[in-house]
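Chain nomenclature is as follows: A, B, C, D and E, assigned in order of appearance, with residue numbering initiated at 1 for each chain independently.
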Amino acid sequence: MNTLRSANMPNSLLPIRISDLGLIKGDRAVLGGVNLIIDEPGITVIMGPNGAGKSLLLRSLHGLITPDQGFITLGSLTVADSRNEQAMVFQQPVLLRRTVLQNLAFAAPKIAKTNPQRLIQALESVNLADRAAQPARMLSGGEQQRLSLARALLDEPALLLLDEATASLDPASVLMIESLVKAQSAQGTKVILVSHDQGQARRLADEVVFISAGQVTEQSPADRFFTAPQTPTAKAYLAGEILL
Amino acid sequence: QSTTSTQNSGLYDYLLPILKKNTGIQVNVVAVGTGQAIKNAMRCDGDVLLVHAKSAEEKFVAGGYGEYRRDLMYNDFVIIGPKADPANLAGARDVIDAFQRIEQAGAKFASRGDDSGTHKKERSLWQAAAIDTDAGSGQWYLETGSGMGATLNTGVSLSAYVLTDRATWIKFANKQDAAIVFEGNPSLFNQYGVIPVNADRCPNVNREAAETFTQWLLSETGQAAIGAYQVEGKPLFFPNAN
Amino acid sequence: MDALAEAFRLIITLDADLFEILWLSIRVSLSALAISAVIGLPLGTYLAITKFPGRKFCILLLNTLMGMPPVVVGLMVYLLLSRSGPLGWLGLLYTPTAMIIAQAVLITPIIAALSNQVIENLHQEYSDTFYSMGVTGRRAVAAYLVDARYALTTCVLAGFGRAIAEVGAVIIVGGNIDHLTRVMTTAIALETSKGNLTLALGLGAVLLALSLLVNALVIGVREYAAKRQYA
Amino acid sequence: MDALAEAFRLIITLDADLFEILWLSIRVSLSALAISAVIGLPLGTYLAITKFPGRKFCILLLNTLMGMPPVVVGLMVYLLLSRSGPLGWLGLLYTPTAMIIAQAVLITPIIAALSNQVIENLHQEYSDTFYSMGVTGRRAVAAYLVDARYALTTCVLAGFGRAIAEVGAVIIVGGNIDHLTRVMTTAIALETSKGNLTLALGLGAVLLALSLLVNALVIGVREYAAKRQYA
Amino acid sequence: MNTLRSANMPNSLLPIRISDLGLIKGDRAVLGGVNLIIDEPGITVIMGPNGAGKSLLLRSLHGLITPDQGFITLGSLTVADSRNEQAMVFQQPVLLRRTVLQNLAFAAPKIAKTNPQRLIQALESVNLADRAAQPARMLSGGEQQRLSLARALLDEPALLLLDEATASLDPASVLMIESLVKAQSAQGTKVILVSHDQGQARRLADEVVFISAGQVTEQSPADRFFTAPQTPTAKAYLAGEILL
């Protein structure tokens, strides 16, 4: 998977089938039988109120959560088998207690050996090159998010999961990351991205999936979602009205 | 306070119930090396001292730490070693000769090296044999600095010779291929003394009980009881209260 | 292995002596543990979260005292309690109480040093928030102890292990007096000196079984609590 | 206190015997520590980060073995190495090697159990990320050991403390033979049995000074490294 | 300070004087002699690129960092003395390993004793009432941020510091929090808020402070800042151009 993939090369992890995915925490059904099929390449943006279940859905796709019911297949693979093809950026980045550069090197030991130059480039791409030797945990919030993104992009994954990866970035960094993500998707990587930033969603989304209270309530092409959301909840969400 | 050898011999387990029956006294035994026993008693920890190192005991009494000292009983030492008996102690004329044979044969000898009565005895014998053990310390002369039992464990597993009191040896369970190779020599007798700790120096000493206990040990009944104690059919202690 | 055979015969036949000894072992060690936990946990926590000159040195000292030889502890307590010692009038020497004291002295530094490490890690996470909320002193210590409770059990179990296994101190201050201060470890030592190695081993196995029980209880409770909380 | 006086007289007068004993103590304990660390740290880490049936039980076992009586360990190693034992032909009994083995057996569970706890805490933070990066097995263990190195030193020091202070095991497999296998703790026990309590205490003080030195070195290095890293 | 403060009651912590505040990390001056006077009540928004020093500045104000040079006074008080009058919401919320409700109770033990009802109200105000009994660390990212905000507001502080407190909130929650903050400031609490969200800044800011590379480059009334930023960096920032 270190070979650059290209858009015309079909993505081995598509279509992504999520059937009747259910997850109970305590006495709440935090995911209540989610059914979702993602077969188009490009960028899918997941939106929905806090606590809707977006992160849990992403984590299930990544195999971090074993659901209480239902199952997921990616192309012909199970979640487990597709693990090495996936990369994920978490809502709260976790960096090792090492320098910025070592954090990258650790994530991709092969690259670190074969051509360390790639690592420097990766740092430049999120302009952290001048921080290479600094302890990663001393980075600012935004810098940490950028670093964990660079880490995720290192060995072009077939599926890239981003959980509010630009939440605390400055406008410039946001655009920078977005262009990186676009480029990656142009190379055939399927991107699923959780965001509350409607501007960002408009800029990136090919397709929008709306989740509320552990249910997928809408899956539409981006333009349609923003012009004519199908459900009142989605409408209210976009309008910024309180959802209970 | 008592010395370990008597504890290991099981004498107390046999004696104390009888004592309790006769006098109603409950005795707590703290078994440590003679050296420690005496020092502890000097610190008033303990009411009666029962050890076997005559000179030290007399110093103890002379120093006003003890009320008086009485001979109580004796048992005897034996030399144990590998059945093969490389230094041929069996053929030794007397203890001195035996010790010399050990040294000449270059055999190993495990010493307690802990200032216990047994150790003091052994040291005196080496002196008598005019052998300087310090030179060989760590090579053939092994000072284990431990109690009789531990020293026997060491000696046996190194097939070394050991000077031990008969009682401990008979009771000792980890004999492996060791056996008594020299015994019965009068200079191997081992006198036990009993000393009530001086109650004037140590107000908290339980005087009556100490006195009763001592007197009982020295009495007909006590002496008889001691003499009657046997292990595997052999008497271990020979009462000789005077 | 006939050692176990012998040991378990003693158990099955409910050998009274054995149970007396077992019970004393557990009683002494748990009492010592309780004392040490009450002192050591807050102490270790305090040292982890409070900055003052000489703090590092205190921690160094605690770590060093983890290496305090039981015999030495025994001697110190002995000299303290011996009839001619400062606390001689208490007449505690050669009693279970003396053994509890000795073991408490022995394991308090262990519990303090280990908990200090655990809390220090948690402190890296909480310190800013606590500072911001103005949580300091007793409240902070208490909060840390509560929130680190799972990790702390291991520290406490380490202390228990040291106490229940320790012989050097209890034999000096307890005297290994039959029916009074004889515990499993001193009994094992005695059997060893008598050359009854297999029986000694058997008793060792029994002792281990005992602490297995204690550990199982503690860890069991911990697991259960953790489960209930993050269902 | 004349005990210290006596002890330090021995040092100042460079008493050869004392130094021989001190040196053997440190040699034996550090060797044992090295072995135990090499085994215990990865073991504890592995158990913290790998899910498999019986894992909890292994951890329970480790915690229990922290309470392994030194005498029992001594006996087991003794039976193993004794002439009639399976490894008798090695002729290791009553050699420093035997003491190293016994101490290693004694402290490996301690280091494993304590490091297990430390790593488990770090694992709560790292697990998702490592899973996502496909970091498992040896690489994961190594990474955890590196990132938790500061906290782990305390676990190792706890092991060292147990080793350097321990007497029950070394006296059985070593025999406390003068000029051959006598270490500080066995020497202390000996002086105690001779009733030279003050000298025994003095030796204890010397031993403590020694481990203070070791602890100071280790902690010093740790602090220095931490400082340099987060300047 | 549990007495409700009102706008006409002068705020004891004003003016806030920061003079020549400097902080060196490694070999970088992460704060290079910051001079800033905040004497107006209301809401001050701090903007600036990632790594500019916003969080460090807030942390210095809160007393979490002792600067290498310069000093800070709040009204007549030092940072240390004003500590109990301050509250701060961190960029990455830290919650205790307890339930949601216990987290509030711990933060304000007095209130928890005198009228526990207040705690419930606080939860409702960030609509987490139905999560009261749940372990706080199991909350979703946004829910955690809301909880830590409720915690900070509990005993009306004179100075409220918010470090990207709404970064990962859904639009509705953002508005909800903003109205809470407005209300608090209307009661006389001085609010200093770090945000990359220009919409939010426009909605809340009475005054904007712009920081870049450890320096305050601009301090203007909100309207002026957004219509006519004084510095090219600020202009570029608003336009979302990369700053190096």
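The rule we apply is simple: a contact is a pair of C-beta atoms (placed from the backbone, for glycine too) under 8 Å apart; a residue touches a chain by one contact, two chains touch by 3 or more.
Since the structure is predicted, the reported quantities are computational estimates derived from the model, not experimental observations.
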Ordered by label, the neighbours common to subunit B and subunit D are C
Minimum number of chain-to-chain contact steps, subunit A to subunit C: 2
Count the C-beta pairs in contact for every pair of chains, then give the pair with the highest total. C-D
If you average the CA atoms of subunit C and of subunit D, how many Å lie between those two points? 18
Can you check how far apart subunit B and subunit C are, centre to centre, with Cα atoms defining each centre and the answer in Å? 36
Can you compute the centre-to-centre distance for subunit C and subunit E, using the mean CA position of each chain? Integer Å is fine. 47
At least two other chains touched by the same residue of subunit B: list those residues. 40, 147, 150, 153
Spell out, as numbers or ranges, the residues of subunit D touching 2 or more other chains. 78, 172, 189, 192, 197
Residues of subunit E that touch two or more other chains: which are they? 25-26, 138
Per the touch criterion, the pairs are A-D, A-E, B-C, B-D, C-D, C-E
So, in the complex, the side of subunit C touching subunit D is made of residues 56, 59-61, 63-72, 75-76, 78-79, 110, 113-114, 116-118, 120-121, 151, 154-155, 157-158, 160-162, 164-168, 172, 184-185, 188-189, 192, 197, 200-201, 204, 207-208, 211-212, 215-216, 219, 223
Note: in the complex, subunit D contacts subunit B through residues 78, 82-84, 93-94, 171-172, 175-180, 182, 186-187, 189-190, 192-197
Tell me, which parts of subunit A touch subunit E in their complex? 25-26, 48-51, 55, 91-92, 127, 134, 138-143, 146, 164, 167-176, 196, 198, 236-244
Provide the residue numbers of subunit C that touch subunit E in the complex, in ascending order. 125-126, 128-129, 131-135, 139, 143, 146-147, 229-230
Contacting residues of subunit E [partner subunit C, same complex]: 59, 62-64, 83-84, 86-88, 90, 94, 96-98, 106-107, 109, 135, 138, 151
